[in-house]
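Working notes, structure below.
Residue numbering begins at 1 within each chain, and the chains themselves are lettered A, B, C, D, E and F in the order written.
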Amino acid sequence: MKYTILINEGPYQHQAADSAIQFVRAALEKGHEIFRVFFYHDGVNNGTRLTVPPADDRQIQKAWTELAEKHGLDLVICIAAAQRRGIMDADEAKRQGLDANNIAPGFRISGLGQLVEGGIQSDRLIVFGD
Amino acid sequence: MAMLHIVNKSPFERVAFDSCLAHAQAGDAILMIEDAVVGAVDGSRFAGKLKAAMADKTVYVLGSDLAARGLEGKAMEGVAVVDYAGFVDLTANNERTQSWL
Amino acid sequence: MTTKNFLFVNRKAPYGTVYALESLEVVLISAAFEQNVSLAFIDDGVYQITKGQNSKGIGMKNFSPTYRALGDYDINKLYVSTESLEERGLTVDDLMELTYEDADDDYAEKPSIILVNREEMAAMMAGQDVVLSF
Amino acid sequence: MAMLHIVNKSPFERVAFDSCLAHAQAGDAILMIEDAVVGAVDGSRFAGKLKAAMADKTVYVLGSDLAARGLEGKAMEGVAVVDYAGFVDLTANNERTQSWL
Amino acid sequence: MTTKNFLFVNRKAPYGTVYALESLEVVLISAAFEQNVSLAFIDDGVYQITKGQNSKGIGMKNFSPTYRALGDYDINKLYVSTESLEERGLTVDDLMELTYEDADDDYAEKPSIILVNREEMAAMMAGQDVVLSF
Amino acid sequence: MKYTILINEGPYQHQAADSAIQFVRAALEKGHEIFRVFFYHDGVNNGTRLTVPPADDRQIQKAWTELAEKHGLDLVICIAAAQRRGIMDADEAKRQGLDANNIAPGFRISGLGQLVEGGIQSDRLIVFGD
């Protein structure tokens, strides 16, 4: 079965990202396909590489990056939400005249159409939020 | 044609769970995850509502979230405890899902 | 492209959180993908479409006029929970008049708001393919 | 010795406002801001609780938040409408504050 | 340095949000500043101190043992709402045994949990200088 | 009167930062002193300079920076919360071996003791959150 996952909250403040990671791992283990993971609202904050959580805490951004590397997950950050929250890749930072970027490996920034496309192309769209 | 309703909020703190129960149909499934798992415990102010829902809906709770909150083994009778694999199965076996955020 | 029934469930008040505003952005995009779009306003979601919103004092943009524009994007099924209105001391007169022009009926102006009770709302939900909530 | 209770959550969505009313004392002040302002409207399921509280507490609502939600002029009798300057005065004139998050 | 009465109001369940964990970090720091610290557990906040928490399955650290350490930092006034327990089908037996050693009483071990009803909780709140909620 | 302000939520997702800015402006106008504004939990996300909100939306980070410049406000970001969320100044980024930082002008990163000190030194501590 083909899934798209929507994540509405940032890491650590809410359990949404944790639950989503566990769900994605279990789905992959069962042989399902993850068509896309879409990060919206504060969910875009999952995709910054500047986090340094305590060593005994979970490493949420790294978990996403590893899932992307290992399973070719398509991790998409909504551009409009990212601009409001300050998540930038190199191109977008340059375009906006900013002196730094913070996107983590394995994530890409794109438009909301990617979410709607996920809903159309997938058998199920599962939402994790507050 | 059944729907899986995913609830992640405590029924004592927010109205989302009540709203889910008010809109779920006979034959639907309801899964409690995250803070919503506290609704699975018997003897609470909410337990009666959940029992009423179980008359024509199936109710599940995510065991990991129950255990985290010190409530392992305390889910009321008739509530099925599932793991993340069971969560995935529920989304696959019901035709659609709705998250009550 | 496949056409699916998309439902956007709005349960939260506007301005206190961003969900209402950013949800509306997805609604507009889904129209561009020519999907069959419905909106549900339940619980505090009914405050999203109250009339007379004036957000100047809180320094935010009043985005309620966007709901008026939905009809132009062929989004004209806005289901509003009567129980939610009643609990809040509101009536349909407290809501904006949201309408669309029916291309199949000589562009007659028709109401987009459909008042439904819980049973009708539940039945509508049961007919959806993709349910989005924020 | 009075406390200013600041409530920012809708009483229809969360239990915070109820909890505030249950713990506020006679002589205390209650201020509704952000989404909590919807609690100020008369004729709702919540209005009776707020009126009961007004018997021995003073109740305020932030006008800007009320207007944003299309509820300007709809606060029930006895609820005083204040602006941000009035909000500041309330925090200064009461000896302590508590935010019911 | 001035000593004030600091109250930390805990109204949210642990793990679903970070507030319980990060609140506890402030509690510990306030002890280092030698303030007179109290904690209130109201509504879903009572789940923060249930016994037998096992968070392995959700991949998070079980931080409930930190509450046991509070006594060592002279934080021994943990007010728990009896109404909140009852509504949730819980009793004090479902909570961790939290204790401290009373230096004024030959280091006798005493309970840190103080069960109070709403009136007593409200009276306790009225005696605070700084009320923090998260 | 001397105030400390605590902000628990990030910009845009919740109204907390908006309300706090309005409160701080009104308090300053009345001649009160803002001893400190402390950003905790997701509140630390108020302090990234990489946000580019839509032109017709409010510019929350810039509003803080302007308040700091005009009134000498002490804007303190909790270091532990910032590490979890990925808010870094130049020193901290270097110390953590990160290749970028994102802190906005007018903010500084420090410990939780600054919040407790704010509670002790101020006449009032006002909390804005979810």
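Operating definition for what follows: a contact is a pair of C-beta atoms (placed from the backbone, for glycine too) under 8 Å apart; a residue touches a chain by one contact, two chains touch by 3 or more.
By chain, with names taken from UniProt: A, F = Sulfurtransferase complex subunit TusD; B, D = Sulfurtransferase complex subunit TusB; C, E = Sulfurtransferase complex subunit TusC.
On a predicted model such as this, the values are computed, not experimentally measured, just so you know.
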| item | value |
| --- | --- |
| Mutual neighbours - chains that touch chain D and chain F alike | C, E |
| Chains in simultaneous contact with chain A and chain F | C, E |
| Between B-C and E-F, the pair with more C-beta contacts | E-F |
| From chain B, the most remote chain by mean C-alpha position | F |
| Farthest chain (mean CA position) relative to chain D | A |
| Between chain A and chain B, centroid-to-centroid distance (C-alpha), Å | 26 |
| Chain centre separation (chain C, chain E; CA means) in Å | 43 |
| Length of the line joining the C-alpha centres of chain B and chain D, rounded to whole Å | 33 |
| Centre distance in Å when chain A and chain E are each reduced to the mean of their C-alpha atoms | 35 |
| Sequence positions of chain F contacting 2 or more other chains | 8, 12-13, 15, 19, 22, 41, 57, 80, 125, 127, 129 |
| Contacts with 2+ other chains: residues of chain D | 8, 12-13, 15, 34-35, 64, 83, 96-97, 99, 101 |
| Multi-partner residues of chain C (at least 2 other chains) | 11, 15-18, 43, 58, 60, 130-131, 133-134 |
| Those chain pairs that satisfy the touch definition | A-B, A-C, A-E, A-F, B-C, B-D, B-E, C-D, C-F, D-E, D-F, E-F |
| Of chain B, residues touching chain E in the complex | 8-10, 12-13, 34-35, 38, 41-45, 47, 63-65, 67-72, 83 |
| Chain E residues touching chain B - in the complex, by the definition given at the top | 11-17, 43-44, 47, 50-58, 60, 62, 64, 87-90, 94 |
| For the chain E and chain D complex, residues of the former touching the latter | 9, 11, 42-43, 83, 118, 121-123, 125-126, 128-131, 133-134 |
| Contact set on chain B toward chain C in their complex | 1, 3, 15-16, 19, 22-25, 96-101 |
| Chain F-facing residues of chain C, complex | 15-18, 58-61 |
